[in-house]
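The two complexes that follow have subunit A in common; it is paired with subunit B in the first and with subunit C in the second.
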Partner chain A sequence: MATSLTSRKVAAADAASVPPRRSRVDTTFYLFLIPSLVLFTLVITLPAVMGIFYSFTDSIGFGEFEFVGFINYIVMFSDPAILGSYAFTIGFSLVTVLVVNAAAFLLAIGLTSKIRAKTALRTVFVMPMVVSGIIIAFVFNFLFSNSLPRLGAALGSDLLSQSILANPDLAWTAIVFVTAWQAIPATMLIYIAGIVAIPGEVYEAASLDGASPARQLVSITLPLVAGYVLINMVLGFKNYLNAYDIIVGLTDGGPGTATRSVAMTIFSGFTGGDYAYQMANAVIFFLIAVALAMLQLRLTRGKVSV
Partner chain B sequence: MSTNTVSTSAVPTSTGRPPVRADRRDRANIPVTIILAVASLAVLVPLLVTVSMALKSTAQAVDGNAFSLPDPVSAAGVVEAWVMTNFPRGFVVSLFVSTVTVGGVIVLSAMASYAISRNWERRLFRYSFFYLLGAMFLPFPVLALSQVKLTGMVGLDNPAGVALLHVMFQLSFSTLLFTAFLRSIPEELEESARLDGATTRQAFWRLVFPLLAPMSATVGILAFLHSWNDFMMPSLITSDPAWQTLPVLQSIFQTQFSNNYNVAFASYMMSMAPAIVVYLFTQRWVMSGVTQGAIK
Partner chain C sequence: MLTSQSSAPSEPTRRAFLAGAGIAGAGLALSGCTAGPGTDEITFYQSKPEVIGYFSDLVERFSTDRPAVRVSHDSTSNLSGGFVRSSPPDLGCLNYNFEVARFVDRGALTDLSDLPAAQRINPDLQPLIELTANYPGRTSVLPYSLMMASVLYNREIFAEHDLDVPTTWPELIEVCDTLADAGITPIYSTFADPWTVGQGLFDYSVGGMVDVTDFFTRLRQQGTDVGPDSPVSFQKDFAEPVQRMLTLAAYSNDDATSRGYGDGNLAFAGGQAAMYLQGPWALTEIAKLDETVDVGAFPLPMTDSADDLRVRVNVDLALWIPEMSSQQDEARELLTYLMQPEVINAYNEFANGFGVTTDAPDVSNPTLQELQPFYDDAAFYLGATQLIPQSIPVHNYAQALVTGSDPDQILRTLDADWARLAFRS
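Right, the complex of A and B next:
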């Protein structure tokens, strides 16, 4: 995105140096822009401002309320339920980012090498992306609570003969697995784009110099897709922080509160009389999202658009 | 190395290629092919288990064995799921939400992007662009509490409200793609149309919008997949369970009918199938959309 903005800045500078072609903006352009601006303001901006406003009150979602200053924020930072959900969500996201990127990178290498049935294999590997997260989580829920324990029992493993979804120490691995199952395709496609963008001559030259395929992978492919690794890590981390559908389908936050994500905690504000309190939580969550977005912009700056 | 420049439809054929290519084709990496084929089972098995469970008779499915094949093949699960979830209504609601989302996203963001890209030197349009991009950094959980309250207040706690939210959450990304694409369409085309007496509005709808078709396809398909598969927004926004989308309706099998595996899986299968079918016919756009969104 950054390059496109830079090139636009150049275009804008050019436009400034020559006399403007149209002295007056055609009203049609305003009419084209206004619907988006108005709807965006009502649907996105207004709720955001409302959320910040309510986070400084003691509202329970309806009726009267009073301003309480920063109390919601102060209480939040010593609330084990909220801290626990952040710890789980951040830890889960970090593990998922690593799993997804490792698997996606290997698949991208495989799918861009000289293989048979390339198109068919790629079609299959992208498929998880188009499947509803909650539904595939229900399918895996069945596999984890019926099929895997049978396998565990057959192998004589005490640990695996119970459903891992009911095990507070293991339930998160199931969530990582299903999230990765669904997130790998998009990450993989970005790596494929990165690998395909490397000029073939580079590899030709390397093999003429006697570099083995393994050496080419380490010395050419890896350094040249390093930028994509960063993009994928930040994009992925940002997405996994919002984890909700798959967790609902697998554990619904349990056992106990072992796998409750931040999104689930925020949504509890609908029921528990914690409306304003969870608004404060959402504001903090928003600040984290903005920080990550800034990081993302910084990382993609100067990247050649493909 | 030209096999490395893969397009999604590139199945190498030996006809009309230099002999050296035929050699390379023969040296296709069989071990890597086998490893990938085995790995693809991780994708296929859950989907095939869904189909296989869906086609079992109730008597066979009750043992909960995921890997036995249907014997006999039975439509009982499909029939019962059809009735139990009121599938036709769920399907129509899902279709309504995703159709409105696709149409809304394409029209709104194409118009806004056109206005922005053709007036980039003006501050109002430039700032509007960054303003509209803002939602990319605002995940739904952050806004959910207020949005649920607001949609309830104005009577949009229904599929129409869900579609509106889907449109607005897709708008940033789509505007980004459209403005990038519009820069590749020369303004001279519109200038000449205008010299021939066309208004800006006519120039857009008759000339520019048709030229945007490839990007509209990408934007539309990605919007459809997001909207069709979403669980979070409809489950929180729509207050009347009768008007829920297909993904939300599936939760009944987690509670009251938890042992009717064939019925549950038949229902899962019917809800997932439309998205998979759309994907199989449009995978080129799906794949390019993902890549452009991340890299542009």
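Right, the complex of A and C next:
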């Protein structure tokens, strides 16, 4: 929009001296697009199209293959391993997105109010963001497998004295915890940006009118960061659907298959010689991601620029 | 707008520079491609981490003998990726598992039956190799090293409590009870690593009671029709072994669910338990931690008869040459070099493996010597987890069994997975 506006202005200014021409965009702009267009096509679009193609075959990644029609898709929808991984991944993402946003919002409120050592505290809270996920997972794996059970035994709790990573019903809570621990800082930073962007006069006026801090939070802060809540929720959810590294480091999908995420299931197709079948799975997963992206676009249209 | 403003002289130089850079880059890329064919360089793929150094030395010795053939030793590339790009290694030396089985099934490996070395392979091993994968009319792989995995036991602890090596199931339970009563952990288990449950408790229990070769041969003939009513199925044939497996699992250390392979080696080397269900690869690790610990080995007894004793084996390394290799002669030359008795026997002695040729000597490792009679009688089987395709997460199922899942349900899932896989392949 900016370009067309400028060119129109330029055209208007030149109208007096030069006969009006149809406004043509300088080809240089297209040249700038070419590198990323070529790269994107070569490393994303083309492989994706090939992947969709292979999902209708019985290929194992190389050598001869035959077309099998929709068999991979049909079998997939009755495969408890795949359905189970979807159920786990979606449930895990929903819980995580709620936990992360609640915690991050509260932290952001705290870190934007008038407290001492605000900058130092912000630095501390942002630190988990810079550590790689797999390392965090290995550290917490040690804590969950060794430290926590010992603490549990000292407290005399039967439940806690066994590693929760080895408990098929509870292992997911550990994954939510560690994922949240890593994801909260980024979400918190977005909330801080949102809260800081609210003009101070609004609060001043509110306090002059005698509104309590609690009332200000509910009636001013919350409505004015609503757009950020939405962004954080949708983006976060989409991220957690791709959960991989933290689960690999914590449980590796276990105990049994209790915590196998969709991404892990798809990847197992490459190592396990089940290429075409997991490609079908990846296509379905891709469609879900596209649907979520559309939803996000629709929901956030116009709400971001508060 | 920007281009029109730029000064005339600077433009050609910039273009010339970019063009030059482009040509240079293309040149680099091309030279990278053309290095392969034309020269006598072959790629030798071998990635077993413990012996990469050993094979590097071997390859170097080969190169000094035959200066005409240059060998590059690859231990890191993605094997499937190589086949997909039509540039697989010229000679592979790999664990003979389902990854390699895929290459065999699709006819991607050459026939080696005309090589003199192929005539020396112990015929007892042939059924095992064909059970994993077979391309009609071809000898697609030559085994190189055989691993016999069984129960490792601490001879000192057994002697202290006057225990003999158990040869039947009741004797085994008696040993476990005696140890438990004396306050010693009978079996050290590492349930946090699914593969240790799969290759250990699960495979040993099944292999000790079920004729694995016969079971999988019949199961494959069954096709998609595998379920509660089929003559052969996991839920029918594996139910009893799995029950006994769970009985044994109860004799494990209390924190087994959160212990991994490394913890197991450490604990067993430290004398924290009397028995440990691991393969010979763990011996090296245990010796690193404590050289003095006196370790013995026996096959897990699962029935009332000592005649049923069998050891779980796997073809730890096997040699193969892809059809796509353009250096067949050189690859065969290196293969023949590696198969020479003095080379292959020295390797197996180094790696705690059993020989695969008819002229192989007995093992010298004092732990593994206890298993030699079983090798001589061909009293061995391939682990069930090695014969279930990788797309079925059988190790995870084995882990679920020992962490409290319903065994009937897990075995039903296995049947359903098997039938589903048969349907789409």
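FYI, the second predicted complex is superposed on the first by the 270 of 306 C-alpha atoms of A that agree within 3 Å, B and C clash if a C-alpha of one lies under 4 Å from a C-alpha of the other, contacts with A are read in each partner's own complex, and residues count from 1 in each chain.
Assume a contact is a pair of C-beta atoms (placed from the backbone, for glycine too) under 8 Å apart; a residue touches a chain by one contact, two chains touch by 3 or more.
Please read these numbers as outputs of a predicted model, since none were measured by experiment.
In the superposed pair of complexes, A:61 makes contact with subunit B and with subunit C alike. Touch criterion met: A:162 reaches subunit C, while subunit B stays clear of it.
Of the two partner chains, subunit B is the only one touched by A:139; subunit C is not. Contact with subunit C, but none with subunit B, is seen for A:78 once the two complexes are overlaid on the shared chain. Touched residues of subunit A, counted separately for subunit B and subunit C, are more numerous for B. When the two complexes are overlaid on their common chain A, residue A:107 makes contact with subunit B while staying clear of subunit C. In the superposition on chain A, A:253 makes contact with subunit C only, not with subunit B. Once chain A of one complex is fitted onto chain A of the other, the partner contacts of A:38 are absent, as it touches neither subunit B nor subunit C.
When both complexes are overlaid on chain A, the residue A:269 reaches subunit B and subunit C alike. Legend: residue contacts after superposition of the two complexes on their common chain; A:285 is shown touching subunit B, with no touch to subunit C.
In the superposition on chain A, subunit A positions 26, 28, 61, 146, 269-270 are in contact with subunit B in one complex as well as with subunit C in the other. Interface residues of subunit B, counted against subunit A in their complex, comprise 1-6, 8-11, 24-25, 27-30, 32-33, 35-37, 39-40, 42-44, 46-47, 49-50, 53, 64-67, 108-109, 111-112, 114-116, 118-122, 125-126, 128, 131-132, 134-150, 164-165, 167-168, 171, 175-176, 179-180, 183, 199-201, 204, 225, 228-232, 236, 246-248, 250-251, 253-254, 261, 264-265, 268, 271-272, 275-276, 278-280, 283, 286-287, 290-292, 294-296. Interface of subunit C with subunit A (complex): residues 1-3, 80, 83-84, 86, 98-99, 102, 106-108, 191-192, 194, 255, 257-259, 389-391, 393, 396-397, 399-400, 403-405, 410, 413, 416-417, 420, 423-425. Those residues of subunit A that touch subunit B in the complex are listed here as 1, 4, 7-8, 11-12, 15-16, 20, 25-26, 28-30, 32-33, 35-37, 39-40, 43-48, 50-51, 54, 61, 107, 110-119, 121-136, 138-143, 146-147, 150, 181, 185-186, 189-190, 192-193, 195-196, 198, 200-201, 203-204, 231-232, 235, 238, 241-242, 244-245, 248, 262-263, 266-267, 269-270, 275, 278-279, 282-283, 285-286, 289-290, 293, 300, 303, 305-306. Taken together, the subunit A residues at the contact with subunit C in this complex read 26, 28, 58, 60-64, 68, 71-72, 75, 78-81, 144-146, 149, 162-163, 165-168, 252-258, 260, 268-274, 277.
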